[in-house]
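Following this line, the structures themselves.
Two complexes, one shared chain (chain A), two partners (chain B, chain C).
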Partner chain A sequence: MSIDNEHKEGAEVLFMGNEAIARGALEAGVRVAAGYPGTPSSEIIETLSRSAKEGSLYVEWSTNEKVAMEVAAAASFAGLRSMCVMKQNGVNVASDFLLHLTGSGTRGGMILVTCDDPGALSSVNEGESRHFARLMEIPLLEPADFQEAKEMTRWAFTLSEEIRNIVMVRSVTRMSHASGNVVLGPLPPAGGTAEFLCDGPISDPEQGPIISAPVAEKHRLQQDKVRKAVSLFEKSLFNTYTGPKKPELLVITSSACRLYTREAVSMLAAEDRVGILKLGTTWPIPPALVKRYLTATEKILIVEEVLPFLEDQVKILAAEQVRETGIKTFFGKNDGTLPTTGELNPDLVAEAIGRILGIEPKTIPAAYGEKLRMLAGLIPRREQTFCPGCPHRASYWAIREALQRDGRGGFVCGDIGCYAMACLFPAAGFYTCKTLHAMGSGIGLASGFGKLGSFGLEQPVIAVCGDSTFYHAAIPALINAIHQDANVIFIALDNSGTAMTGFQSHPGIDINAMGNASPMVDIAALCKAMGAPVVVEDPFALKETRETLNSLMEGGGGLKVLILKQSCALSPEKKGKKRYLMQVDELLCKGDACGCNRLCTRIFRCPGLLWDRNKGKAQIDEVICAGCGVCAGICPAEAIRCEEAPVS
Partner chain B sequence: MELGKVMQQVKERDAAPAEKGEGLGGQKELEEMVLKAGLCTGCGACVNICPYQASYRDKTVTLHSCDLTRGRCYDFCPRTPADLGALQRKLYDESDITPELGAMRGFFITRATDTAIRRQSQHGGTVTALITLALREGLIDAAVLAGEGEGLLPQAVTVSDPETAGRLGKSRFVVSPTVAEFNRAIRTECRQIGVVATPCQALALAKMRTQSVTATEGGIEKLQLVIGLFCGWALSWRDLSTVLKEKMDLASITGMDIPPSRYHTLEVYTRGETIRISLDEINLCVRESCHSCGDMTAEFSDLSVGSARLPEGWETARQWNQVIVRTERGLDLLELARRRGILEFKEVPGGNLEKLKAASLNKKRVAATRPSVGNGSGDSYRQAG
Partner chain C sequence: MKSPLLTKDPYNIIITGVGGQGNVMASRVLANMLVRRGCKVTIGETFGMSQRGGSVMSHLRVSATTVWSPQIPKRGADLIVAIEPVEALRVLADYGNPAVKVLVNMRPIYPVGVITGESDYPEPEKIRRAVTALSAAACFLDATEEAINLGNPILGNIIMIGAVEGLGVLPVNREVFETVIREGMPASRIEANLRAFDIGAAAVAGNC
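Up next is the complex of A and B:
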């Protein structure tokens, strides 16, 4: 959806949280937006890229979050409004630059939008970016509904210019991916000239060079800025209170948890007993405002995701002001009223409030519960697995078979991407990844494992890495492995796109985020230039891939690169097109007899293969099958046949 | 040598598993009892019958897990429990069965008449002469052999052409997955197959022959001839390569042999010279599984061939073979070879059979008493060509 042309000022439209954030940035006149894809943040840059226009908005998918932040900062230094967008762990990647940026300050309004993933619905961590605001001493804003997501984003640019520093806006999955009505504001006219003024003295924030030194001076200045932000927060309309003047229980909350709290209070019909102080400005919390509400109550529950962040701040504040506010009882994460892991939801919050106030939460009627259980039984069981036609299924098949043949206990260091599923789900059939950490950590760990030979480690070490991850963070570790002569086989699982997050462009693709032609950076050429021997295989050629891998394992030490190149089944050039029409010859299919034991549906497990229990034969699900033809190569009876599909 | 006692031990070892439920198992049991226990011989009996097991280098590996509780992999494996006595009685004339050497109809000293064959083969070239004869006479139309591979690693091959078979007569010191190749060959057009097999491979084939046709999916009836090779042990490819790599260029090796035990060496023939390596070093390379093997003479074959021992000394003996004929079919082939003048025969010196029996019994004793800690005695009755 385009969020600029179709919708005019004053219109009320249904926006996903991420679209609301993008619209807020447009209304603020953002000129440069850079990010790295990562659920649940990706739609912000994607939405903005559709509004990108020469001279009015530049959008890019950067190679990683640190680079994205640097690209956005450059625009700010040149006087333009800019933003960088990432998921929670992206902030870790960007944090080194962020630490220095917060010291140097900014010029044009610059915001960092981070979308956290409590409960790790699409992550392999539950990291929280909020703590970076405290660590880096920059203001933090958290929208609690969709309108606010837009307004807050817009205001964040104003605040940034006010304090001449970057401002952080934090969303969570349920804000970013849920939708709500948003009333649109005006879009500013296009324009704005970029110029980096840098000939002034170092002490001149408007015309001098932008650096974080002299540190003592800059740090003091930065803290002044934070104090200024706090004074603005005291009056901010993003901090709201609903409830009685003297509530029995005060809930202090933010973000999506405000919605859970509102629903929980309503479920308990406790509107006249519970007050909800929703903070939109969550670091630093405005002390005068919070003190006012603390004074009016005895019991305080802090509702937030994931770790106690508001809770710590509120408690410090209460301790500092205990003479004026009196002694309070606090509930939250630290006392175990609410969990310190995972997402919250209205039930958890209602249970917590109910316990504090002695209200029995309403349970669902027995008949309804029964119906629910019955319906749940009807839902087909779907396992998390590779898509039909996914090159990773073929790659891992070859890797697994090569490792098993080699027989020395070799293993794969995994990395971030769809291919990480080989770490988590034996259901994918060929459980080979044995480590999984940050972007690029696969080759980093492998580089370390590959040096343990002198301590007796004889296991072959393989690192896998997707193409986007390769550019993101694998290169320094790869260089290390080459330079240290680590015994590692580095496999680039090149499916020509940032497939997991929705096919965003990356440096290996000849098109950029704005749809323009863009120079490509070739993985093979890069690896060769770094001095590594490089072999390229098509993972759909299972036997060749396996044999290549085995010969790489047998060959001498050092780092070797194997590029397994085959486009993602969902890539634009492949999606919906079948290369082969697949068929099972039932006369040849051995089914579950000795000699096969359902290799295709039990181990290979492509969703395009079905097991017909009645016939005891495998079948192709023509609707699901992507026609890649790989399963024909694994059938021991040669019962799976492929025939070139007619070109439509 | 207390024959009775050893035979009792052997009998106990072979019989005990039967009481635990002989022949019941699938991949899981195969993994636990054979592969993980270090008993796998690499014969390949469990390979090429399903996609779950494969041969790689000189090993058998599990690629994916099979959850069937019964499988041919387990049934065919020469190292899963089986009543070997019963198997012998099923396949051989009971009156021919000896406790030391299995079924025996005759014992001979032979060699290929053709000196070219002898030059290209190991020792007297008897196996090569017999297999080429069988192919030429149409007794078999395909022979499964351990052919030249890469480096020290032989490759199991199926050949129909006697000339080609004639060139593959060297002893291999590393196993090849011969039975895996046989499993593949029975699904091709070959109709009558002969196999040159080590004792473990011959046992696997025997186990296959005694399964019902449905269990084997048919094809085993194509097995028309098994020529067994005397075998003291086989060496691990990886370990042997490591030892030899330090001493020579592996590509220059033209052959290997083990002279009688008093020499205590492995001779490696390279293009330039003969390199002698102490068996102390080589014994460390012996496959774990060989230490628990009690069959030196390939008892489950039609006839078995090994290197000869002669009073004239090693230089003469290395030109000859000892042959144990076990079946009618084996005897027919040997007699045919005599009639066609393919083989020369030499009178068996007095005491030869007794020495062979003693050596064989010694292997049984070592295997029965030290099932997994064998000393790799490296007895010189090794497989021969």
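Up next is the complex of A and C:
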């Protein structure tokens, strides 16, 4: 859904947090938006791309977050409002440029939107981006509901122009992927002219070159900007207080935790005893404002995700002001009142407040608790797995077979994408993947493992990497492995899209984020140009893929590339379309008597296959089966049949 | 504050199922219907890796006045809509309470562990008994079968939305459903969706 044309000023609509952020940027007149897909941030750029128009809004999926930030900064340098968007660990990727950008300053309003994932609901880390605000000395804003997500994003551009530096807006999964009512504001007229004024003296922030040196002067200037932001934060309407004048307990909180806190106070019916200071401006916290509320109470609980960040700032402030505010008792992460890992929720916050105030939480009737026991043993675990028809299941099956035949204890270094599930869940990847770290780290680690032969490491080393990850961060490590002559088989699992996050375009696809035709960078051609031998296979051809992999493992040393190319089962061209109608021939399936040990359902584990316990035979679940035909190739009795599906 | 439209404020709905069943779409459609009726709705959900064959859950908070936490407190569901039967039990285990109402689509999607034989999937009768015992009102539908008859199993989610309307606990109706889907869907699919909605509504009306 486009968020500009269909929704007029004053309309009240249901927006996902990410849509609210995108709308805020449109209301601010953003002209350039760049990002790299990553849950829970992806819908911001996706939403903006639907509003993109030549000359009024340029949107791109950049190859990685650092490039996205550089692309957005260029627009700012040329006087336009711009933004870059990424998930928490993307800020790590962009941080080298960010360090220098915060020193050089910006011109057109520029914001960095980061979406963190406390509890790692869709990540393999719960790293926090908030700490970058302190590390890089830039203002940080955190919205605490959907309306505010829009307003705050819009204001962040204004703040950036006031201080001539980048401003960070931080969301979390429970904000970005939650939805709520948003009342729309007006959209500014389109237009804006880009010009990079750079012929002035180096000391001229408006017309000189934009660089972070001379460092002493630029760093001092940067800190003046932060002080200016703090003076604006003192009066900011994004900082609110609700509760009694002299609360028994003051909760200082931000972001989604403010909603948990309000719910917790309501659950405990403690509205008369607890005050909630919600901070929207969370670095630096406004000292005069916070001091005012500290003075009014003795006990303070800080509720935030994940590590103590507000808590540290509040405690430092309290120590500095102790003569005026008096001695306080603090509760939060450091004293163990709240956990320092994972996400919070209303129950955890209610327990914490209840403990401090001596309020017993409400319990359910004992009879109901008794009845709940009938659920014991009734609920089977639902393990995540590759989708039916997923090319990764086929690829890992071929890799598993090849490693078994090779017999030297070879292993796979994993990377980031759906295929990372091979490192996490036994139902996916057949236990072949043994490492999982950052984007591109699979081939980086493999490059290192591949040089350990002189220390006796004889295991074959394989790295897997998705197509989007390839462009993002694998190329430097791949060049390293080629140049160092590391013994590695690099397998590109090319499913033609950034599948995990919803099919955003990348340099291997001929359409860009705005839907325009776009030059492609071909993985095979690039690898060949770098001097690596390249083989391309269809992973659905299990036998050929396995044989190719074994011959690569048997051949000489150095880096070799195997590209396994097959589109994702959820890709727009495949979704809902079956290539084959699958059927188990009950006369051929010998069931437990076969000796295959139920290879199809117990080892291959595609959710489209069922085991009929009464008949003792395999069966196809027609609702689930995607009709890829791969399972026909694994049945030793050739009992799984595929016939071409009629074209619908 | 109680809304004249709501029996409880906030009214807490959990829509649950398995990734790929249209859980997120169902929650969006229902929430948009409620927003059109003047409610403040907060939806909490996660997607991304959590949808790859795993259990999914959307939390809807419906209020006359304000936004609420995107996570419903434990034992706090007023209505559970389960597009998959075992997921109804999973949600009841955490969010069930004596006053909760439950709508269940009885078509199972077997977890991989059940397919491999490592765990058992409960008999439908056991599921019915547990849901009935743990709720104030329960209704069981064959939404997937009905949806296959309509031509596409994914319409099971819309049948369940129709069932919510049939319950009569929320200020929604067929008209507002039609308005919402006409905005977000190609015209060719409207008819099947309306029929799915009607099937769900009829299955529940007076039955639950």
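As a convention for this text, the second predicted complex is superposed on the first by the 629 of 648 C-alpha atoms of A that agree within 3 Å, B and C clash if a C-alpha of one lies under 4 Å from a C-alpha of the other, contacts with A are read in each partner's own complex, and residues count from 1 in each chain.
To be clear about the criterion, a contact is a pair of C-beta atoms (placed from the backbone, for glycine too) under 8 Å apart; a residue touches a chain by one contact, two chains touch by 3 or more.
All values reported here derive from a predicted model rather than from experimental measurement.
> In the overlay, work out which of chain B or chain C sits against more residues of chain A.
Comparing touch counts on chain A for chain B and chain C gives C.
> Is A:F430 touching the first partner chain B, the second partner chain C, both, or neither of them?
After superposition on chain A, A:F430 lies in contact with chain B alone.
> So, does A:S212 touch the first partner chain B, the second partner chain C, both, or neither?
A:S212 contacts neither chain B nor chain C.
> Quick check for you: in the superposed arrangement, does A:Y260 touch first (chain B), second (chain C), both or neither?
Only chain C is touched by A:Y260; chain B is not.
> Touch check for A:G180: first (chain B), second (chain C), both, or neither?
Only chain C; A:G180 stays clear of chain B.
> With both complexes overlaid on chain A, does A:N597 touch chain B (first), chain C (second), both or neither?
first
> Touching A:S518 in the superposition: chain B (first), chain C (second), both, neither?
A:S518 contacts neither chain B nor chain C.
> Could you give the residue numbers on chain A that contact chain B in one complex and chain C in the other?
602
> For the complex, which residues does chain C have touching chain A?
By the definition above, chain C touches chain A via 18, 20, 28, 31-32, 35, 40-50, 52-55, 67-75, 86-87, 89-90, 92-93, 96-98, 107, 109-117, 119-122, 126-127, 129-130, 133-134, 144, 148, 153, 183-184.
> For chain B, which residues count as touching chain A in their complex?
Chain B reaches chain A through residues 49-52, 54, 56-57, 59, 61-68, 70-72, 217.
> Which stretch or stretches of chain A touch chain C in the complex?
1, 6, 12-14, 39-40, 121-122, 145-147, 173-175, 177-181, 256, 259-260, 262-263, 267, 345-347, 350, 364-365, 368, 371-372, 374-375, 378-387, 418, 421, 427, 500-501, 598, 601-602, 605, 607, 609-611, 621, 623-624
> Chain B touches which residues of chain A in the complex?
400-401, 404-407, 429-430, 550, 592, 594-597, 599, 602-603, 634, 636
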